[in-house]
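Labels run A, B, C and D following the written order; every chain starts at residue 1.
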Amino acid sequence: MGSGIRVGVLGSAGKVGQAIVAAIEAADDLTFTVGVDKGESLQAFVDSDTAVVVDFTHPSAVMDNLEFLIGNGIHAVVGTTGFTEERLDQVRTWLSDNPAVGVLIAPNFAIGAVLSMRFAAQAARFYESVEVIELHHPHKADAPSGTAYRTAKLIGEARTEAGLGPVPDATTDELDGARGGVVDGVHVHAVRLAGLVAHQEVILGTEGETLTIRHDSLDRTSFAPGVLLGVREIGERPGLTVGLEQLMDL
Amino acid sequence: MGSGIRVGVLGSAGKVGQAIVAAIEAADDLTFTVGVDKGESLQAFVDSDTAVVVDFTHPSAVMDNLEFLIGNGIHAVVGTTGFTEERLDQVRTWLSDNPAVGVLIAPNFAIGAVLSMRFAAQAARFYESVEVIELHHPHKADAPSGTAYRTAKLIGEARTEAGLGPVPDATTDELDGARGGVVDGVHVHAVRLAGLVAHQEVILGTEGETLTIRHDSLDRTSFAPGVLLGVREIGERPGLTVGLEQLMDL
Amino acid sequence: MGSGIRVGVLGSAGKVGQAIVAAIEAADDLTFTVGVDKGESLQAFVDSDTAVVVDFTHPSAVMDNLEFLIGNGIHAVVGTTGFTEERLDQVRTWLSDNPAVGVLIAPNFAIGAVLSMRFAAQAARFYESVEVIELHHPHKADAPSGTAYRTAKLIGEARTEAGLGPVPDATTDELDGARGGVVDGVHVHAVRLAGLVAHQEVILGTEGETLTIRHDSLDRTSFAPGVLLGVREIGERPGLTVGLEQLMDL
Amino acid sequence: MGSGIRVGVLGSAGKVGQAIVAAIEAADDLTFTVGVDKGESLQAFVDSDTAVVVDFTHPSAVMDNLEFLIGNGIHAVVGTTGFTEERLDQVRTWLSDNPAVGVLIAPNFAIGAVLSMRFAAQAARFYESVEVIELHHPHKADAPSGTAYRTAKLIGEARTEAGLGPVPDATTDELDGARGGVVDGVHVHAVRLAGLVAHQEVILGTEGETLTIRHDSLDRTSFAPGVLLGVREIGERPGLTVGLEQLMDL
């Protein structure tokens, strides 16, 4: 038996799953136990004495997975999407019956994206103006990205809390769309360009100075360090944790 | 009498005029002769043996100014706006009667803006994708800026000439405005932010790489080097020259 | 008598002092009382019932100023440089005799610079690599800037605390100076360029992603919002506060 | 037999070679004929009626390859390094005996890198100041990169031709290395950071404005579009062409 935390992976045959398995195997303090894919039994995690399971599967499967894992005392790190407030409440109920188990559910495991959002929200109350520019490859279907949308919402909330009014904007003559989309009072621009991967820039400004927080994801494995951070920490955090930033002591 | 080219200024009492007078006085190879403002006689340029006059005045005044200057054999460097094709033809007619005189009319004297547009148009045919982001202080009334609009048109023309089709864009789910305004098939985004002055970025992309051309104007005097370039060159370029780039041997 | 906090300024005839007076006068919740310059009596602050004094003077004057202000129960916001540990201890001693008085001493009042340093230090422990690039006008005598130096030190400390080793760097063949200067293990690059004012970029990287935190100071008044923040808060913070970030609830 | 230009590849089994074969096969107007690797006979190109051969092999092999190809009337597009002036002269001699053949030898096939160098050199004479920042992954052995070195040399030559003196720089107090390495009077900074691939920024500045030309290579296939451009054009350019920019009508 190898040393370190024993980690299993749900959806291990998919592209994301494979990258996570590789990252676990490359980490000295973690041991990969077993991968389970669609149609296979979750019992393999129990049999292999797995302590933490990573779930990047599908909204239709994730609730059954969590019920089983929590019931069997296994911690979970979840990147699967589709968590409504009702679903989170259901997870909390299961956890209240198994108070030693920790579950992390996060919409974004890229550490840089999480830090960007956090820093943008912290800085927002000190600046009159703020806009978000996200830039992605041209195969993306939605504009703006989910991350840009969430970033703008967090900024909007921070501005409201700080008592800031609307951003200054004297535009009277606008080509339709030039000033971007507006999310909670924050203008958001989406660029689509061959050669790009996934990038986001938050620009904040006040008299005489600007502050820019930029995140560049240059390949699809940028979620791996965040997943490993979750795996290492979740055993010490019983109950439900929503958002990777909760584990980052910011 | 000082040495070098003898230069006069129309609208010398205004903010722009004052900056131009200061730039002329600071240049070793130029001599400032006289400034003429609204209501004063242009005859002062003749009396002071002025060789070149700079005109940053008003569309309502500039044609009378040019008629006088050309008729008196004085070269002109013109930053005043409002030149239609009809007005340019009128200037050409006056110049055909005074073939030794040179007139430069340019919408933009910021050398960096001129180079940006030129480089963007040259690069455009080698890239699948291109977008323009312009960023200005929040007191600006139009979005996008005139420079961004012209830049996008030049890029659109270069793409058409090169036989490129539309830029790739899989967006199916867009928050209204997020993808920017569209000028000749080129997406243009306008950011308005306290703390900014005038900035523009053209991003071009193809498989695996991007090229970015960015111009930052950090104060309002960035037109001065371009005006001086025009003053120094226009005596050697009889006839009408439209656009500073014509004098830059690019 | 106007409303709001009554604020006086030491060194009010200087360039920085004038900008601070203007910012105080423009703020609805502050009242400017009196300016005192070299050779004038500090008693004017007492006579005018001043609550807070801003001191951007000189290392040779600031200690006498502080002794007087603290002794007269007046709060101080200090941007003057040259504070050694001994000087700070002296200020603490004076304050222990006047426990209701608050003194803020900060090396940098540009909010964006303060946020940049803070965010860089917070992010540092999550990234394998980090470098600092600062860019300034070519009239600057020191390279790197004091802010870049402090930023690199904060990053170096955060890396040490997190148990990170040296940054990865396979360079074996270097043109002298190409890899920059090194401060506490962090490479720092200084660019000097006409047209720039004061700019700094911290770039952090790990497998597949980078995070960039950039601060642009576009004019010399960018310290004003930070000074006003200090003026508004220092009355509620008795004792010595070092660094604007202490007032920012980050 | 497929349609379009018939193209063969030397070194087709290597990583670069494979990417080139894939790019040829994906292009409608090109037909891949045959790949030849170390130890195999070049005669395969003649037998397959190949019109153009791409050579990304090794300095020890490339001269024999070129002698054979030129002798057999086959055009060549060469990315192999190590061409001295003597080697280029030898190629010219062979070509003088086979005047219909075209050979393109280029140190860099990334179109963005070529355009960056060209634009930087064109812009250099209009700006007082210029510096180069290149940023690469931390596994790179040389600093600065070959491209940054060449870019700085081209800029230095353009400045000399334009009669510009040294860049303004008031630095008197420098941490060793902070101001970068110096190539022909141009300061060059090399950043090494996990998460980066290959990036370069040329920043030019004059009073009140800056111009930035940035190239980002996000994966190793960014040479492919340039190779295809060479393949398509070289048949029309008999003789030796050095540098991809010669084919780009800039």
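In the analysis below, a contact is a pair of C-beta atoms (placed from the backbone, for glycine too) under 8 Å apart; a residue touches a chain by one contact, two chains touch by 3 or more.
Computed from a prediction, not measured in an experiment: that's the story for all the values here.
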Comparison of A-B and A-D by number of C-beta pairs in contact, larger one: A-B
Chain at maximum distance from subunit D, centres defined as averaged CA atoms: C
Chain centre separation (subunit A, subunit D; CA means) in Å: 40
Centre distance in Å when subunit A and subunit C are each reduced to the mean of their C-alpha atoms: 34
Centroid spacing, where centroids are CA-atom means, of subunit A and subunit B in whole angstrom: 46
Residues within subunit B bordering two or more other chains: 195-196, 204, 206-210, 216, 218
Graph class of chain-chain contacts, one of line, ring, star, complete, other: complete
Of subunit A, residues touching subunit B in the complex: 127-131, 133, 135, 138-144, 149, 167-183, 187-196, 203-210
Subunit A-touching residues of subunit C, taken from the complex the two chains share: 110-112, 115-116, 119, 122-123, 126-127, 204, 206-222, 224-225, 229, 248, 250
Residue ranges of subunit C touching subunit B (in the complex, touch as defined): 195-197, 216, 218
